[in-house]
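After this come two complexes, each holding subunit A, first together with subunit B and then together with subunit C.
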Partner chain A sequence: MKTTATTTQPDTPAESKPLVELRNLSIEFHSRNKIAKAVNSISLEVYQGETLAILGESGSGKSATALAIMGLLPKPGGVISGGEICFEGKNLVKWTEAERRNLYGDSLSIIFQDPLSALNPVLTVGYQIGEALRKRKNLSKKETKKRVIELMNLVRIPDAETRYKQYPYQFSGGMQQRVMIALALALNPKLLIADEPTTALDVTVQAQIMRLLKDLQTNNHMGLILISHDLGVVAENADRVAVMYAGHIVETGDVQTVFQNPAHPYTIGLMNSIPSDAQTGGRLKSIEGLPPNLAEPPSGCAFHPRCSMATNLCRERQPALEEIAPGHKSACHFAKDVLNHGIS
Partner chain B sequence: MESPSPLLEVRELVTAFPIKSGLFRRTTSEVQAVSKVSFKIYPGEAMGLVGESGCGKSTVARTILGLEKAKSGSIFFEGKDLTKLSNKEMRALRKDIQLVFQDPDASLNPRMRVRELITETWLVNPGIVEKEDWDKEVAKLMRLVGLNPNSAHHYPHQFSGGQRQRICIARALALRPKLIICDEAVSALDVSVQAQILNLLQDLQQNLGLAYLFISHDLSVVRHLCNRISVMYLGKMIETGDREDIFETPAHPYTKALLSAIPNPKPWLNPNKDEIILEGDIPSPARPPSGCRFRTRCWKAHEICKIEEPILTPRNPNGHCSACHFPMLQESSALHTVPGP
Partner chain C sequence: MANYLIRRLIYSLFVIWGAITIIFMVVRVIPGDPAAVMLGSNATQEQIHALNESLGLNEPLFVQYKDYLLNVLRFDFGESFRLGGSAMAHVLERLPFTFTLAFTAILFAIIISFPLGIQAARKPNGLMDKVISFVSLFGQSLPTFWVGIVLILIFSRLLGILPSAGSGSILHLIMPAFTLCLPFIGMIVRLVRSGILEELRQGYVQTARSKGLKQNFILYIHVLRNALIPVVTVLGLLLGEFIGSAIIIEVVFSWPGLGRLLINSILYRDYAVVQAAIAIIAGIYIILNLIVDILYGYIDPRVRMEES
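Moving on, here comes the complex of A and B:
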């Protein structure tokens, strides 16, 4: 993939170095007779203490990106086909699994959408939260238990002393997700990736969990990558957002700028697709058509088959992600027009 | 809403599941998944049933369809009580009430082509479409839901998730029903596809005069499609009313909390939104709290909420009712204090 010439100069003050930086990262999934290009040469960076949201629909490559950062791409099949993942300046792509393992827990950590499938059903919750502490910190049994109960209190699991000895099935969905958060935070990671952390939860519980994550992030000064398909969750919780479509970052910038002045037709289409009070009962301006098949991506701009503004240029040449205002980038040939006049 | 007779009327419906325990699996107690729920749907109307998991909203749908047995109460469809019909009578009536589920993969037989999936309904219910018209009718239905009629010989796996949901809708429409129950019908879809399906449902309602019972946990979707909304919590209906009443002046604290919990894609437009974050989880329906079922999570709960169960009480002449001892009425809603996190 040499079609994009994405520039990667940091647009945030130079005094702070990014915690994690992706440079032209490409990910492919190989199956018997085809190759799906899940992620195409994306670049982004996350700084300490900030929340970057990766927003996209299923198949946009947002989870593949998260898994690649963690070194968890499914094997065999998932391959990083190009680019770099730099964590505090070190390129992780070249690291072996054993070398990477030392980063897990205190540098990188992840929480997934479905806590029940991430937890071991036959081990107590307390044991699982304490696992990282025992392995990495060589704490005694007593000290581990004390720390685990502290962690459980931190994530606001009531009655931690009793809950310590219980099994995952005895917890509600929201409480299981709290256990996952406690587990991920056991070693105070510098970067936490939250892959759709609240998608499986009810709205009132979602509000609790997002509040908790936000508080913990502020207190620990963590970098947070929030992966979500929910525009509301992103708007309320992230500082910056990268919108992904078919493996490309199509727009990025700070959340308020991107959501209020979107400069890519796909972002506008997404905003129009969610029912809001302004147009109750009216027709939604949905995006026509379907996301492309990643094994046979369309020529030029991946969004052109669904875009109302597409021209021959869009069919032929892939637009680069270019800055249209300080810190606000869009990958559209007509970004300026879209920004100023919306979509036709 | 002055329509003479409702299409569907549910009165004091109770659906219970037994809890079995002990050596001989004897029934020791029961869970009332739906506890004395009443509502009406008029022809051509869309009613939304909202609530979180375990509130009984899907059980209501299943009971209407006869997939669960009602313990007490009645369900009138065009004046006939469905709970008293024989299986044979019920089967004849069932074609008027169709269902669209959340997961099209689970409801479409992977070994049947689209044409077979749709025509099967006519095979089971003869007399609706003559066999020689099947092909024509299949093509018509597929066009109606926005599918290419040329793909009638394709299998479900050859379609995307949104298209598969369209197949489910086409199949539901095949028997020309009067009421379609959508049980989280758009919840599994991506937003851009969800918007397409919502538009489709809306068009169908207008063009075919369908009534919907639209079950969802997503309030913004319900608000978009439904003119009347009922909110359930732990098997009870706690608030019901017109869309505007529910969204502008919710009278029940739970409704208010639910509305506040919807993530807002433009939070900076109203920075003063009073955020309500409920404490704790939904209690187990097997052991619901005494009195008001919401009291364990309610910031307004008093002694009376523990003792006495509130009943649905009208709050305005348009049929806006709520079941709360301390309803938030229009004049007092501005005064209510926001609880701490």
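Moving on, here comes the complex of A and C:
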């Protein structure tokens, strides 16, 4: 299977042109009398065959980013207030819903966090996996069934012939997520967004699902955006990582670089809060304070109220995301100090 | 499923027993003596006593109740004082008329409310939604007997296109069935609307959108089936309600159904017919509940599984 992937992949041009590129993307959620700025002018790019992880706590804007790329922001309320989402060079923000619909499945696809709620309880699993093939590709019933069974085998659902006719609630959590993956891959997407794909699953199942996703990515040579709050999952599976805090990208770079030489106090805080063997018996470390209210973000650097290094400069001016080493960017006024000496 | 049905049937027997016991007591508590009503105001005390004796109404209540239960076990509800012949035969003769009316009414209710509910849910709080909720609330607030009379005035007297009373053709059914379903339309519309809005927030709708399916397809294939699960329950129970409400409407439109028979029998203290009619109505409620449960399992595969 690996050979087909490598032969169909024109390596050099794909490397030079990103599959999807976000330019200064801003997202707002409007409610009755408040506007929450969920995402503030972020820029990202994902290349074919690459895994980009977006790492952050809940409320950091990572899921909003994923939904915006898919064009699935909740309506009414979710608004793209600025910037561009370019897929293969075309800016999707201006497209109508009908135009975007044609991209779903074969260009862009998404897997959600909780597979049980993402599947329709009253339709069979086989129907749901094959639905896009039937409705979008107009395959016959027989062809669809054949392809669905293939997909179910691909995601390693045992006994696919019988399982085809069953309903989502008859599957375990891990198997439901496999169904969701099969469903997302039905039309061979170029970019797959996995929004916390393993968060709702048992730890042992998590590893299986991530391995499956990685295998499928290699075989299909997809771009993968992995959204997660789990540093372990990100470290093991991503090529590059973008750390988000309160709607901003605070640090980005290769996974190794960022995790070995973090250049933002928030990234260091996240890494320090991983429980380690050395800490047995002691209190778990955490970052002091709470993430900010996005309807009334703090002045200057959004992280300053929780940062031990904060100065007046941090309270007044928002730091820009600047390159501190090739491919490694940080949005901190003291990025160099943090990189070299850690946080005080 | 079979096990479940048997269990339900045993419960149902208790419910029927309760219903026939209560009605036995109630008709005997209502002031007025059947013999006195039947013989008219000129009857002497002796005549009334003699008639009561022959009807078995001078026995102690407990003895009457025992005889009544034993007869009911043989499906014998006694003879009608007023009409003669088996009380149950009279009830069963009228039953198809009431059924026809109630089923037509529920069909009307579905045909009218489902599209309205779906339209209202398309743009919640939009103009269409507000118009629909106003109109259905209006319909719900009108007393049925008044609506019936107004309809007769307009369509029978003024326009002369629909018969005002009686039965025999589809035309006879239209006005009573519409009047019967009118108060329930608002409720079903709201139920359908809120069910759809609730389901539209579910994760599977997002998944369906991520497949590139059209909004209408998602609405009819994915959402509606989930949204209708609670609606089916209510509709089934409403059918029972319809049979109850039919009593008034049958009188307004002189529809020869169970309701009119029941009203007249109560007026004449025709105990046997009243008891037979109530037993049948209770039985219908129970059967409807059972049908709803089975239908529920058909729509929602999760229920089907739990009970097998």
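In this text, the second predicted complex is superposed on the first by the 324 of 344 C-alpha atoms of A that agree within 3 Å, B and C clash if a C-alpha of one lies under 4 Å from a C-alpha of the other, contacts with A are read in each partner's own complex, and residues count from 1 in each chain.
Everything that follows uses one rule, which is that a residue touches a chain if its C-beta (ideal position, glycine included) is under 8 Å from a C-beta of that chain, and two chains touch if they have at least 3 such contacts.
All figures in this text were calculated on a predicted structure; none of them were measured in a lab.
Considering which of subunit B and subunit C touches more of subunit A, the answer is B. In the superposed model, A:S109 makes contact with subunit C only, not with subunit B. Shared-chain residue A:R283: touches subunit B; no touch with subunit C. Once the two complexes are overlaid on the shared chain, A:R101 sits against subunit C while remaining clear of subunit B.
Shared-chain residue A:K141: touches no atom of subunit B or subunit C. By the touch criterion stated above, A:R32 is placed in contact with neither subunit B nor subunit C. When both complexes are overlaid on chain A, the residue A:Y167 reaches subunit C alone and has no touch with subunit B. By the document's definition of touching, of the two partners only subunit C reaches A:P121; subunit B does not.
On subunit A, the patch touched by subunit B and the patch touched by subunit C do not overlap at any residue. Note for the complex: subunit C touches subunit A at residues 202-204, 206-214, 217, 221-222, 225-226, 229, 299-302, 305. Against subunit B, the residues of subunit A that register as touching in their complex are 57-58, 158, 172-175, 202-208, 210-211, 229-236, 256, 259-260, 269-277, 279-281, 283-288, 290-291.
Subunit A contributes residues 70, 72, 101-105, 109-110, 112, 114, 117-123, 128, 131-132, 135-136, 167, 169-170, 180, 183-184 to its touches with subunit C in the complex.
Looking at the complex, you find that subunit B touches subunit A at residues 52-53, 160, 162-163, 190-196, 198-199, 202, 217, 219-221, 223-225, 227, 243, 247, 257-258, 260-268, 275, 277-282, 341.
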